[in-house]
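Since the structure comes first, as structure tokens, the remarks are kept for the end.
For reference, chains read A, B, C and D in written order, and residue numbers begin at 1 within each chain.
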Amino acid sequence: MTGDPIYTEMIIEYSKHPSNFGEIENPDISQHDSNPLCGDSIDLQIKINENKVSDIKFKGKGCSICIACTSVLTELVKGKDLDEVKKIEKNDVLGELGLEHLIRTSPVRIKCALLSLKALKYGIYSYFIEKMKDEKSAGNLKEEATNLY
Amino acid sequence: MTGDPIYTEMIIEYSKHPSNFGEIENPDISQHDSNPLCGDSIDLQIKINENKVSDIKFKGKGCSICIACTSVLTELVKGKDLDEVKKIEKNDVLGELGLEHLIRTSPVRIKCALLSLKALKYGIYSYFIEKMKDEKSAGNLKEEATNLY
Amino acid sequence: MQTALSLETIRKDFPILQRKVRENKLLVYLDNASTSQKPIQVIDAINDYYKNQNANIHRAVYALAEEATEAYENTRTKIAKFLNVQKREEIIFVRGTTEAINLVAYSWGRQNVNKGDIIVTTEYEHHSNIVPWQLLTKERGAKLEYIGVDDNGELILDQLDSYLETGKVKLVTFSQMSNVLGTITNTDEIIKRCKKVGVKTLIDGAQSVPHMKVDLSKLECDFFAFSAHKMLGPTGVGVLWVRKEVLETMQPFHGGGDMIREVHKYETTWNDLPYKFEAGTPNIADVIGFSAAIDYLNKIGMDNIRNHEIELTKYALDKMSKVKGITIYGPKDIAKRGGVISFNFHDVHPHDVATIIDKDGVAVRSGHHCAQVLMERLDVAATNRASFYVYNTKQEIDALIGSLNKVAELFKL
Amino acid sequence: MQTALSLETIRKDFPILQRKVRENKLLVYLDNASTSQKPIQVIDAINDYYKNQNANIHRAVYALAEEATEAYENTRTKIAKFLNVQKREEIIFVRGTTEAINLVAYSWGRQNVNKGDIIVTTEYEHHSNIVPWQLLTKERGAKLEYIGVDDNGELILDQLDSYLETGKVKLVTFSQMSNVLGTITNTDEIIKRCKKVGVKTLIDGAQSVPHMKVDLSKLECDFFAFSAHKMLGPTGVGVLWVRKEVLETMQPFHGGGDMIREVHKYETTWNDLPYKFEAGTPNIADVIGFSAAIDYLNKIGMDNIRNHEIELTKYALDKMSKVKGITIYGPKDIAKRGGVISFNFHDVHPHDVATIIDKDGVAVRSGHHCAQVLMERLDVAATNRASFYVYNTKQEIDALIGSLNKVAELFKL
């Protein structure tokens, strides 16, 4: 089985020993997502300090692709500015694991790989929207708010 | 078009000049029926005297097969004892018009041909049932009632 | 036909047109408003699916299932494009127009229609655009009202205005083309008047989509329904399109597999659009067959189809009006009608007409065409109806005329 | 197989079994509980219909329409016979099990289930036998209760008794065979207990009818639902059977063509059974395809199919239990289970298993199998599931075992 294009040592390692697994107290972002057609289920938690991801953890059940990709994603995100986090893309995650080919070869499994990225983006955007509301109600400038996008 | 197995002179005649077309005052049986999948619609009215069909008339819109068969049926039934009317069958009607073959050749048109027979039977049975109820409530013997069937 | 494909080439694609019926008569199929015939490309697509790809979709990771899912979802995209719809999640697969309209009545209707509200339909609707609203309005204590049909077979739009003025109308629902009269509804005008007062609109596109270009980005309706089987596709598939803003507010209709996100014992969350409205194993093979039908229509071009039918209809109206004892219904103006011609012979019942001409292999529909309200309006029990499609020819119309003359003769008209 | 047909002959009838997938691997199709493959006889029947008979049914008098109507209605009769049903009008054609159950929930349920009433289902149901009842009970202010599953994968019938004792149960609904555990439900016992207190029963036969003889004249349930696509038939067709006394009391579900007798503007009367429940153009071609599937099953014999699957299941259970790190779910006793085997590898996710063995051409299902309530009960996110049918062989099970061993190796179990 050497050269399996998906189940590399790295993926199996991550799936057995995921990074940033666990929970955060009083997270600023809590995002749940699941893959409706299988059973992958992820809870992301993020702590934000001065517009930076000061901590990120996840819990959940998922296949090795899902767990490995989530691990990589949390590593990528941790410590980064929200502006940078906004810019993270599919291939940033897939690339780390050599899984870019999944987009082409497995339209089904790609969903496992990208579940956590979807949750992250959703969580971040919701956070921005909440912020915008706060800022609006606090009477702040509209431009400032839209910057959050 | 000589020898058309359905549209014989007789059928076309009947359809243009149906027998017993019209209405009866105070009928004992009034039965409506329609062919749900086309648009044939028949109203049969029957007057009963001493267990005999003293008069029968019909109104309705229908194809020539339906009208011809209804005409024939009313002719067959008029003046007959209800016991005999109960026994009238498909082929009694179809036979008069040379349409027995329809059962085999046209499962759809056969419904036009037999619509009035169905209405007649339904009307007669309903009449019997009403009678049975009357007789029951009048305390008559059960056997007598079931004779009506 | 002004197309890359000649009529002759097209006819060769439809195996059934080679068939002999009754006493060795070549089939002349003129009941296209009821259901269309299928080109070999559609038949082969279904075949190929079962021989090479068959698997349940959306839920498995193995090769076949991935292929089947892709083919199924590509059809959705193709249909979106065909109707010029930007958001593919607005396309919901159903069994046909009837299920589509019932879905709206149950899901949207029961949420939005209340006591005293009015639903407006028309006198020339198919039963599938009347009965669901009778059921709904009865349940909700609401009222069903009808836009009348004038003697030219067109809707009397003034009546719409008087309903709208009550302020109680929740939905106006109508066919874009009458399946009996062939009348093309003044759709833009109805929608404009409804939009002005914020009333939702549903278009029954069962007769329009197969025969003319429909651009949903231009029509500003909220719901649109049609059936594959009337447009070269298989039986058992249809489409409900719902504007996303509206779809997002709708509760699910059928519960079951695939329409859920997470099921727990006592509560459940719904899947994304459009899956929320596609419970259970869908009709996968026929959706894929439908895809081939859309390809076929695109290859010919919807405008060419419309032009071909205009030509046939003109020809037929001209010849038919000369048959003894005939009455023809619907608009006189060819621009206002599709390729559907309803007619009657004086007092000869349509079923008799159909049976007689069937002996020559000519298939027309006779009956109430699931439009009994219109039959009452026309004061007839039934009509005969000839309806055309891409593969019909003038010779076939000549055959029809020949047979109709026989009817006139037999009944001494 | 103890039948006139050898396994070899049978396999030749299924074109897809010749197919190569992924890197030139012969397909080993073990996802039959999800959908079955189709024999050439079924594919040809659909083909033939479109090439020779296609027409809309019930409503026209010309030759094609008569032929199509007859073929469609003959299928109804054939299915009645297959299930040993005396009254063919009790057979309603729907899209599949999901639509069948929803029809009951909407039509019977909304008439009969009221505030405080209880509907009982089970922990091993498919979502299609849970979600419609969640929707219904929520709407009606009623309650949904579950019969639990014991550690052997069987229903805990004592719990049924405690629900029945409340006197508030309106319906007990359950699958005759679990699509995850393979458990064959003690159907007679449940129905007996329900009948004693006059409670209606619905059987989800999606997994049972394809794999064993079902005799509806002996089962005394009130509703029975199943799908053609799991029993060699096409997608898009299923059956709802309802006992006539019950069916006669039910209000229509979908409104539209064919389900009516007479439509007037403000009131409408319904057609006879079963047409009252078949609104709109049905999936004619696939009903006719289904007919060929029933013929095929009859030719092999349902008892032979059951025996073949028992043999395969025994063989598979024996070999699989020796694979490193594997857990197998469901009853140990072969008489209590169908040809469905769910399993997991320790902490390896089922999707990973499925993807790895798919590379060898082996197709098994992985996921929650639309049974999330059961997944919660088993305390797993998902399982792998291999399921067998008439055409599967011991060699194919060997191929599965080979691939499973690779998984164990790769994940160092």
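By our rule, contacts are C-beta pairs under 8 Å (C-beta built on N, C-alpha and C of every residue); 3 or more make two chains touch, one makes a residue touch a chain.
Owing to the predicted nature of the structure, the values given are computational and were not obtained by experimental measurement.
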Set of chains adjacent to chain A and to chain C | D
Most remote chain w.r.t. Chain C, using mean C-alpha positions, is A
Computed distance of Cα centres, chain B from chain A, in Å | 77
Mean-CA-position distance for chain C and chain B (Å) = 38
Separation of the C-alpha centres, chain B versus chain D, in whole Å, is 46
By the touch definition above, chain A meets two or more other chains at residues 37-38, 41, 106, 109
What are the residue numbers in chain C that touch two or more other chains?
-> 59-61, 65, 258, 260, 262, 351, 355, 366-367, 372
In the complex, chain D touches chain C at residues 15-16, 19, 21-22, 27, 29, 31, 34-35, 37-38, 42-43, 46-47, 50-56, 59-65, 95-99, 101-102, 105-106, 126-128, 130-135, 144, 146, 227, 229, 234-237, 252-260, 262-268, 279-286, 351, 354-355, 358, 361-367, 370, 372-373, 376
Could you pull out which chain D residues touch chain A in their complex?
-> 347-352, 355-356, 359, 366-368, 372, 375, 381-382, 406, 409-412
Where on chain A does chain C make contact in their complex?
-> 34, 36-38, 41, 106-109
Listed in rising order, chain B residues that touch chain C in their complex are 1, 4, 6-7, 12, 15-16, 37-41, 61-67, 106, 109, 112
Contacts from chain C onto chain A in the complex sit at residues 58-61, 65-66, 69-70, 258, 260-262, 271-272, 275
